[in-house]
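Here come two complexes built around subunit A, the first alongside subunit B, the second alongside subunit C.
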Partner chain A sequence: MSTDITGLKGPRHIAGLKGAGRAEQAPPLRTAGPGPIKGAGRFSSRSIGVVIVAVWALAAVAAPVVAPHAVDDRFPGLLNSPPTVPHVSFVQRPYIYRWMLVNQLEQRYEIDRGRPVPLRWFSGGTLVQSSDEARAPLLLFGTDSYGRDVFSRLLYGARMSLSLALVSAVGAMLVGMAAGGLAGYVGGALDEALMRTSDFVMVLPAMYVALALRAVLPLVLAPRVVFALLAGIFALVGAPFIARGVRAIVRSERRLDYAVAAEALGASAARVLVRHVLPAAGGFVATELAMLIPAFIVAEATLSYVGLGFPDPIASWGTMLHDASTNIRVFADFPWLLSPAAAIFLVVLGLNLAIEDAGGYERTLG
Partner chain B sequence: MSLVEVEHLVKHFGRDTGLFRGGTRVAAVDDVSFSIDQGETFGLVGESGSGKTTTGRCMLRLIEPTSGAVRFRGENVLEFSRSRLRRARRDMQIVFQDPYSSLNPRMRARKIVEEPLVIHELGSRAERRDRVAELFRLVGLSPAHLDRFPHEFSGGQRQRIGLARALALNPSFVILDEPVSALDVSIQAQVVNLLMDLQRQLTLTYLFIAHDLRLVEHICTRVAVMYLGRIVEIGPAASLFAAPQHPYTRALLSAIPVPDPDASRQRIVLDPASINRNAVLKEIAAGHFAAV
Partner chain C sequence: MLAVAALLAAACRTDTGSTSGAAGKSVSTSIVRGGEIVASVRSEPRTFNRLTARDTTTDLVSELTQAKLVRINKVTQAVEPWLAESWTLAADRRTYTIRLRQNLTFSDGHPFTADDVVFAFAAVYDEKTGSILADSLKAGGKTLTVSASDPQTVVVTFPFAFAPGVRLLENLPILPRHKLEPALKAGKLADAWGLSTPPSEVVGMGPFVLREYTPGQRLRFERNPRYWRRAPDGGPLPYLDRVTVDVIPDQNAELLRLESGQIDTMSGEVVPESYATMKRAAGEGRVQLLDLGPVLWADSFWFNLKPGAFAGDARAAWLQRDELRRAISMAVDRKAFADAVFLGAGEPVYSFVTPANKEWYWTGTPATPHDPAGAKALLASIGLTDRNGDGLMEDASGQPARFSIVTQKGRPRLERGAAVVRDELKKIGLTVDVALLDANAVIERLVSGRYEAAMYPILPTDTDPGTNPDFWFSSGSFHLWNMSQPKPATDWERRIDELMAQQIGSADYAERKRLFDEVQQILYEHQPVVYFAAQKWYVAVSSRLVNVAPALYQPLPVLWAADTIAVRPR
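Right, the complex of A and B next:
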């Protein structure tokens, strides 16, 4: 908001002119109130959400650099091994302790405190690695039942899961807003046709549709094809939820005087719809997306489980959770295998915080 | 010379048919004719639901009328093609009753007033910027407030923004659809005075839709009274207010509050049976017609 009615800007400018140091500035006012004042505090919940989402997005993009290991690197002697906790001290480089297998059957490990293994920055093409990768690899989140580094797979999985959810969400948004906007604006037979179609899609059991689709396609598909296929299915299945609400909003908004005014000014129907009426649905769409994105992440997991998802060596949060779900001891003994669930939770939380104020509903209440 | 002529305008609203029920029709506007001269303020009064607003919106084709003709400078607006209508909209504008719903809550005041210029691709970005500031000053607002959202303005200020938007295209004819009825009385006077000033300054012709009869008497040159979709009386404001002929007009005028607590009041209660719905307009005095 460019207009400054909180008075925050004024004193700061004056302080700046006098050359006063930062320390002398008054602390920001914490004011509860509507509209522009919200978010004036140092940490709005919105900015926290943006940071969470941004960190995950960055982690996904930078996975090849940040992840200590490749997606399919296996450590056969370290199946389901616990995380190696980095120890930091002032006198030496950060180091970890090696895990030693003490019970092959129960997969129990003990720390080898006798020999600290220092960490090395910028080695092996990644940010940080153990100095003894063969015997004591850096495993921040432990390993899975194949002995693969969960932390590295989580980062690579973020690429797959987040990009799939994002592409699907954008697709669902475009299809849903187009269908809902047209149905609500034009009305009549088109409205009926579009809404009955989306009712039909909504009542379809998505899982069986997906399975049927999978059955008619070749058994082995390239990951890229799987990605496009899943994104297409998710977008189509998610679109009706957006379309239904957008239609209702457009239907009521287009009768308001501001939409009639735009028409009276000579705006084309497309302009009235896109520039004036559809933005009213922004808040609804954002909320709907915040629910669809996690649903897409989980749906990918489910479809991977039934064989329509990504093939094995590829990491996604869904395939990781699926792997974890096959082991009954996960909760008691290998909780680090559930880190993708924590990742999903964080992303969903971040998205919810980030979009809290979207669409300007508070503003319209004026 | 007449700027606008409305001839036998009819608008039926169909209530939708249920699966087992036939539809019903409501004649919101039922054979309405009048003309508005260049530069005058023509009042259209009547109670809620009498068809005033529908008549106004039909004239701009914001609602498609069922039949009739609306001639603007002699051309029938109802026969205009889409592109011709678009051009015509530059010349005929509307100001709405509700200052809250008539401005897009998600657009800044600047965008709202600039929108007509963008739609008609008038001027460069800088020229539009100047024009918007000029319009803001014209309606008595400070250009410093251009970047505010509608909710940051008062009702009267919002109505001024609506006016600035309507005037952006330099129209010659403006429909004022109860432009002040949603405002406080003190603000009403300011906005009405602004409207009158602008009319002189920009040589505008107004169709003033209202239910506040004192206001109409004050600012209108001619007045038409609508009742149940028809014009029951029409004539010069002075003549109509001095000697109302139609029973509905008399009842309506008797409902005007008198600001004198001691004055004895005679409220005429309308007896619908006393009205002959099929009576035609007859000339009673010069230019003064009533359906009695």
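Right, the complex of A and C next:
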């Protein structure tokens, strides 16, 4: 019965109007597109998604304990060295072999199998370390071109990248839902003004704006200032994408019987909007968030390139990927430098699985 | 000539090292005429008019299509007669009488005469044109006087006895008067030969002529059948029939194309990160990897020494002190710097002029020892000590001893260099913030003086210090640490001014060398610029190229001598 604009599903509940409006709605016809997985499959995919995201969140929180090294610890003789693989034996403690530099310019290493180096648990304030950190450090994902432990930086990078992306996405969601909700519900001049503003932000050449912004900012920015700045920029840039969709949904939903009934029963405009109509955009917003979060992770790297990102040696997945991109040999010889890309992929996959199963992709027709 | 725009041009290239110097020569086997090579550049030309742009690709177009009176051999650094057949210096040591080669024509068949030389000078000096080459063709900031005494003879008079002499003329491409004089008279020479100009209009006396320009993709050149130079066997040059120059913005893509045989030579050197890839390709016979040795100019690290630059800042008491820079020079382990920044393919250096510049290097340059304890003592002498026991130094007012280094983002050599300096100084208690900015932002800050310290490559185009007055003289526009001073800010800079004035006026090489040694000694004592390591340069070309003369010449390490390059017969 609804003249669906967005193709997104209707409200999941109507507070204070139980059954009133919903009873008159036709049951949704689900498209053949990405839909929920039924039964055990649904439980599994959601669980997998939640677990993936939770593991990364836990890794980020526990980075100071799990990471064997500080984010700026350098091993000058081990630039771009391969990962040290832990070995398990029945007769001795887990151990690693150290890498020996064979050719500095070619960055070639050979493993020294002559002397196993045992791992040491719960020492130096970390979960596990090599018992000979000076000569044979534990480098689970190898080192980067500065000789820094990629695994440790990946964990510390997760703190920065995930928290920035999350804060930015929440900011974009709040701004976008507020603007879109108001535009769709109030309509008229306010709708026009908010949507034109959204259009303006969307067509802004973000890179040039960032460059101009960087030029007027102090030369050295504290990491927390960078964080706030990036979160603000991302929220502002991401909000229009949410606002446009939310506006369309709100415009559509507010004409439906349940919303009209809520108004007729005396609910205030704010209550109708916030409690009844906006929840209809939940699926859309969740989907947008799943796309914005990885986009923000990558955008951070882009802004780092123009000097607006986190300063070295602070690790973020974006800056790590940028560093890797300058080396032609990364695919052939140093694939561990691409581990931030794998991390981003996993986080995005986890988010998608978790959100998809939450109903974010359900669609209705008619 | 050093100039800000030279620095800009360097900035456009991702990661290159230095300018001309001694170099090896690849094996010349049987040379066959004909064939084509494909080269690459990172960006399109900004114009075909060399007078108005100094980007690498415009320079390349000029090198291939235009000729000069003299050429500085980028391998030997010797001045070679080019369009000028010979010259004599008058007793006043200011006036050169230059005899031009006879019966030369431009690529369109128009005869070349002394009037073209006079026109080229007039074009460069024309104020409306505002040529970027004008400064590089002045001696002591003054223009040369040029006249044609007959169609084959040019008289060039310097404002004073100028030691580098005709070396300066290498900066002047001889432009066709018959094509460009109307534009000069109309005051529109700066607009001439833009990218929309039909290639056939771009005539010159270089080894090739421009045949096709596809914006964003490539330039095609064909051999100039009227090129004047002959091969040792008496046959015509250039050996090649065609040169195609592809625009490949990304250095990694450039390397991959070279490795796969899609191009024959690329702009700049093989960066250390790519050495192994190229060595593998060389081992398989797909490319030639040529070792050119350490560069002539190491990357510079300096502080802003402009008086008043830190007015109102408590750090002014120590940021501009000699002791700070000397302490930094002692604190940084140059071997570790070379290992980290150049993956070991670098050598410690202690001066702007590196040992690779054999003609002008001061052999008495002391090797600053790596001495963190000595560095700390020096810092203590200017009030920087660890006052609160946190391992980091504070100044007399209790403020952290902290400063920032500006350098360019996206150039691994500079990023890593600044990071190593930061880490090394942290060991002695100095806190450094590295600010990575895009090239234009870095240059804007350097020129406007809005920085504390900087790390950046400075690339003179000639090894003779007399041709770089804007760097050496305190009034120079490229006197890095304190540009364009109305009068010398310090006694030692005044002394350098005096020495350099004598140096460029002396005709005796030994005397010039003695004077320049003293300049280097003063610089070493005061360390306005600190140098850590010079990169070793490797250049890769495809295995089909022969008779290549690679040089430590940054924009065109191979194509600077394009007329003698040939390809191996298939």
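Simple rule for what comes next: the second predicted complex is superposed on the first by the 313 of 366 C-alpha atoms of A that agree within 3 Å, B and C clash if a C-alpha of one lies under 4 Å from a C-alpha of the other, contacts with A are read in each partner's own complex, and residues count from 1 in each chain.
What we mean here is this: contacts are C-beta pairs under 8 Å (C-beta built on N, C-alpha and C of every residue); 3 or more make two chains touch, one makes a residue touch a chain.
As the structure is a computational prediction, the values presented were derived from the model and not from experiment.
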- Of subunit B and subunit C, the partner touching more residues of subunit A is C
- Item | Which of subunit B and subunit C A:Val260 touches, first, second, both or neither | first
- So, does A:Ser89 touch the first partner subunit B, the second partner subunit C, both, or neither? neither
- Message: Let me test your reading of the model: by the given contact rule, A:Asp333 touches which partner, first (subunit B), second (subunit C), both or neither?
- Response: second
- Query: Just subunit B (first), just subunit C (second), both, or neither: which does A:Ser145 touch?
  - Reply: second
- Message: Contacts for A:Glu106 in the overlay, against subunit B (first) and subunit C (second): which applies, first, second, both or neither?
- Response: second
- Between subunit B (first) and subunit C (second), which does A:Ala280 come into contact with in this model arrangement: first, second, both, or neither? first
- Item | Contact set on subunit B toward subunit A in their complex | 57, 60, 62, 85-87, 89-90, 93-94, 96-98, 100-107, 115-116, 119-120, 147-152, 162, 165, 169
- Under the touch definition given earlier, write down the residues of subunit A that touch subunit C in their complex. 72, 74, 76-77, 79, 103-108, 145-147, 211, 214-215, 219-220, 304-307, 311-313, 326-329, 332-333
- Query: Can you name the residues of subunit C that touch subunit A in the complex?
  - Reply: 251-252, 255-256, 272-277, 279, 336, 339-340, 343-345, 404, 406, 409-410, 412, 415-416, 419, 423, 433-438, 441, 444-445, 450-452
- Message: Per the contact definition, I'd like the list of subunit A residues that touch subunit B in the complex.
- Response: 2-3, 35, 256-258, 260-267, 271, 276, 279-280, 282, 360, 363-366
